[in-house]
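So that you can tell them apart, the chains are marked A, B, C and D in the order they are listed, and the count of residues begins at 1 in each.
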Amino acid sequence: MADVMQTVPILEVIAHQAGLKTLVLPRILDAAPGQFVTIWVPGVDEKPFAVSGDDLETIQITVKAVGPFTRRLLECRPGERIGLRGPFGRGFTLMPDSLLIGGGIGNAPLRLLAQRLTERGLRYTWLVGARRAADLPFLSDLQRHPAVRLFTDDGSVGRPGSVMAGWTDALTASPTPPRLVCGAGPEPMLLAVREAARLHRLPVELSFERYMKCGIGLCGQCCLDGSGLRLCVEGPILTEEQMQSVTEWGLPHRGPSGRRPAATPPASRP
Amino acid sequence: MADVMQTVPILEVIAHQAGLKTLVLPRILDAAPGQFVTIWVPGVDEKPFAVSGDDLETIQITVKAVGPFTRRLLECRPGERIGLRGPFGRGFTLMPDSLLIGGGIGNAPLRLLAQRLTERGLRYTWLVGARRAADLPFLSDLQRHPAVRLFTDDGSVGRPGSVMAGWTDALTASPTPPRLVCGAGPEPMLLAVREAARLHRLPVELSFERYMKCGIGLCGQCCLDGSGLRLCVEGPILTEEQMQSVTEWGLPHRGPSGRRPAATPPASRP
Amino acid sequence: MNPLAVTVAGVAFPSPLVLASGVMGLSASSLKRVADAGAGAVTTKSCGLEERKGHPCPSILPFEHGLLNAVGLANPGVEEMAREIAEFQARSPIPVIASIFGRTEAEFGEAAARLLALVRPALLEINVSCPNVSSEFGQPFAADAAACARITSLVKARADGVPVAVKLSLMCPSIAQTAKACAAAGADAITAINSVGPGMLIDPHVRRPILANQVGGLSGGAILPLAVRAVWEIARAVPLPIIGTGGVTRPEDALQLILAGATAVGIGTGIYTCGLEVFGRINAFLTDWLAREGLRSLDALRGAAHHPPPAEARHG
Amino acid sequence: MNPLAVTVAGVAFPSPLVLASGVMGLSASSLKRVADAGAGAVTTKSCGLEERKGHPCPSILPFEHGLLNAVGLANPGVEEMAREIAEFQARSPIPVIASIFGRTEAEFGEAAARLLALVRPALLEINVSCPNVSSEFGQPFAADAAACARITSLVKARADGVPVAVKLSLMCPSIAQTAKACAAAGADAITAINSVGPGMLIDPHVRRPILANQVGGLSGGAILPLAVRAVWEIARAVPLPIIGTGGVTRPEDALQLILAGATAVGIGTGIYTCGLEVFGRINAFLTDWLAREGLRSLDALRGAAHHPPPAEARHG
């Protein structure tokens, strides 16, 4: 059973930018693009991460330091053992003429999606966005990648501005509309992608995040308000139909206790 | 897991002779000839029985009343549910030109063996012995069976005398010696068959019985002195090589406590 | 008439299958999803006076025969849970069982009162399997029949007529005696069993217990025979309805608990092993079973494996 | 040097793997067969003052996650067992552990004395998981730490220098406290755990418990996490060698028990799940593991999952 915890030695650590690394692990499991694994740092904690790439013998996860766990994880050296469970959830559909839109670390799962599409000879365009170059893993690979168009808010690489600008260009530039829009990144970006896709009547699959504990649909931690979808089982990739069943878009996310923090009132209110 | 207890309705009860019946059960398991099942009569006990025949939808066991359990079992009516676990142990080798030798109820497992040999078009001779006609199940079938030669001690059917007499005839009558001798029946008969086979340098496989509880090699109840063979796992069919590893031939069998009763001193001793 | 309908402490469940506490039980939407999948009642995650994040992860650890959990009573606090219950009740007619815990005996009563001030669940379930912070060895209340009885009385006194189920653990001198003590203290139903142990699993490479909490309760297929035996004993000891829980994955498992004496059947880990379809599948099986046996309700099956049957009627 | 050699209460085992009591343990030949398969010590079926046929069958009931057994202490009586032990000793150099039980505390002492009058096993193992016929609820001695301690003293007084292991059950208020009480009473080793529960399985068609005894102890894969936790707690509580037993089927399971603090590892149900090859396979795995980790014995692994390690050395 792949859900059982197994520890593996870290084979390699690829440092991208400050606070951004890829860990190369033995391929003890096969993940579809968009699926995730949980990583246990013994004595510390266990948290979810998307698989960002694989080859015959390894799988990779790309980690951005945002808090105590990810910082500790990025201190791990090759040879150190970490625990692995998964793969969990459902991934992206592999569709010819896909349009991939990633924001920051959200480009990690899209990297595996791009790899799979390439392996199968399926055409795609990948709009890679970030606030700045320093937020992007595999930057030089991305810069050389024929299907990639880069955007950074500060213009440090690629075109300056939001990846959402590239979206309109991509739609107008291409003679045929994309057959599927696949997005991963910060939730506000994803909701903007969803909105735009709705406008253009394009099917979408977007990768969301919620606080997770078990990864196997039991603890209830990642259930979305509305239909009660378990993001760890029925997600983390959601279709438009699934998104429509959710009522918590825009609300602060439930924390590890299950409580949803009160929405901070807009600053402008008197 | 077939070792798990399942209850099934008795489909049919075939009465042969007084105290001798065949129960027809749904084929929830497949047994090789010589393998056995355990039969649970709810509220009573569970005991081992060889499978005596099968067809696409049923398996059969043939039971001789010898004590409280078998008597109770033979009172069961069609429709009544009994429990079934198995098949257990290792069966007979299916070999062309086999010589089957059965004594009394020992002809039950040989019936399935004969059936399988017939199904595969393999030649065999089946010497069926009993003290009297009333000890034989499927008597009219046996009388019509081309490969069967019947012997009863009292001459009530077939030739009068021991099945061991038929043995010598069979060996001399046939131009080629049998390639395997398969025996089932009372232990003294089996030991005589073994002896005779050794004399003629014929390979043998003989079906033994010991007190059994678990059928799965754990309780130790059926372990044979010498090499500690578990009759329920490595038997109940033993080869000459296996028999050679056993030192308890001729001794009284261990009972349900595991104790072996003291051998009764020969009556003739002064 | 719905042949699967059962009544637990006066509350009508349209199916005997109950979502066990701690599984998909943090939000109204998640409870609703399980109700829609076919549960006849749903139990919330156990909640206490204060919000708790619970233990770090791994806090849920599947293994070959079930799983270990040491979630650490993560819960949003009783007021927040009351809001989820109210939302659930507004969205679903299925009865909801509010599970509460305390770290001292008094906290149980207070949790009940604070919850009931905001919402009226169909049943209250008392989770006594949490460590008693004032006990010498940090033993759970569940290990001590007298403590369970005192907590039952305390909660009953604040329950304002809402029926109270006590959720027992096997880890006690005698679960039948504990059930008796709770019955004498006024319990309206017994839920049994909570997860077993605790147990531990160690990763041989890193030489450490895998659960952040080192140990966690055992649930799932492994514990089915323990749950069947517990229900059997409780059914002989007390005339209360039992929500038999533990290791149910297959329809026959639910039937075993009913034959042992359960009025309703809790399912937790089975949702992992078999998916949410487990509710629909078992409902369908039980409906078929009743039809094949020519029965109009589960009443004739309840406790039917006892010969002679346990003295008193246990449903209602 | 044999890297797998361990010492339990002064007795050298060539492998840490021990045949658990009650499995293939009725005769010298069957014990010998298990020794030949690679066990480092073999335990007899528990024997008492009188021959017992045990319960009717089904007395051993496999299910998906292990099995239930209610053999009912079938045994040929202590004198007959002594003869089997003597024969085993004449045929094998592997240490044999004689398991004894009693129905009263005094019977344990008498069983030890009557056995030792005839044969000198490497160790005596006291099976306290049998019902105490003088207890009100027929509870096993194992549930009562004081009773376990008294039995330990009684047997030690008659043991004539043969080291004594006490076989504990999880079904007690605290297995660590029970181990402490036995250690204080002179136990030389602890075996843990016996089968768990008991549990029950019911056939839904005939509506009856399947075991003739209705209930039986749970063993096999299902209980591994419970055994690991028990060994872990005992290792922290007492400085005695532990024969960790329960649910071992895979090599990693044995290693988990050692890392939790076991000096030796008992295997019972694993013989059913994996065949007698289980001994050879785990021996080979452990030898490899030591080689790969550059260790010359199991000493460095024993208890190594404890951080910090339990205070005292527990082997020898």
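Here are a few things to note about the model shown:
Keep this in mind: a contact is a pair of C-beta atoms (placed from the backbone, for glycine too) under 8 Å apart; a residue touches a chain by one contact, two chains touch by 3 or more.
Model, not experiment: these values are computed from the prediction.
Identification of common neighbours of chain A and chain B yields an empty set. Each chain's centre was taken as the mean of its CA atoms, and the one lying most distant from chain C is B. In terms of their C-alpha centroids, the spacing between chain B and chain D amounts to 36 Å.
For this pair, chain A with chain D, the centres built from the Cα atoms lie 51 Å apart. Centre-to-centre separation between chain C and chain D, using Cα means, comes to 34 Å.
Counting partner chains per residue, chain D has residues 63-64, 201, 208 touching two or more of them. Touching of two or more other chains is recorded for no residue of chain A. Taken as a graph of touching chains, this assembly forms an open line, each chain in contact only with its neighbours along the path. Applying the touch definition to every pair of chains gives A-C, B-D, C-D. Interface residues of chain B facing chain D in the complex, by the touch rule stated above, are 1, 3-5, 7, 38, 40, 42-47, 81, 83, 85, 213-214, 216-221, 223-230, 247, 254-259. Chain C makes touch with chain D in their complex at residues 63-66, 68, 137, 139, 143, 170, 173-174, 177, 196-202, 204, 207-209, 214-215, 218, 221-226, 228-229, 232, 252, 255-256, 259-260, 289, 301, 304-305, 307. Chain D makes touch with chain B in their complex at residues 22-34, 45, 51-54, 56-64, 67, 69, 71, 74-77, 80, 201, 203, 205-206, 208, 210, 212, 268-269, 271-272.
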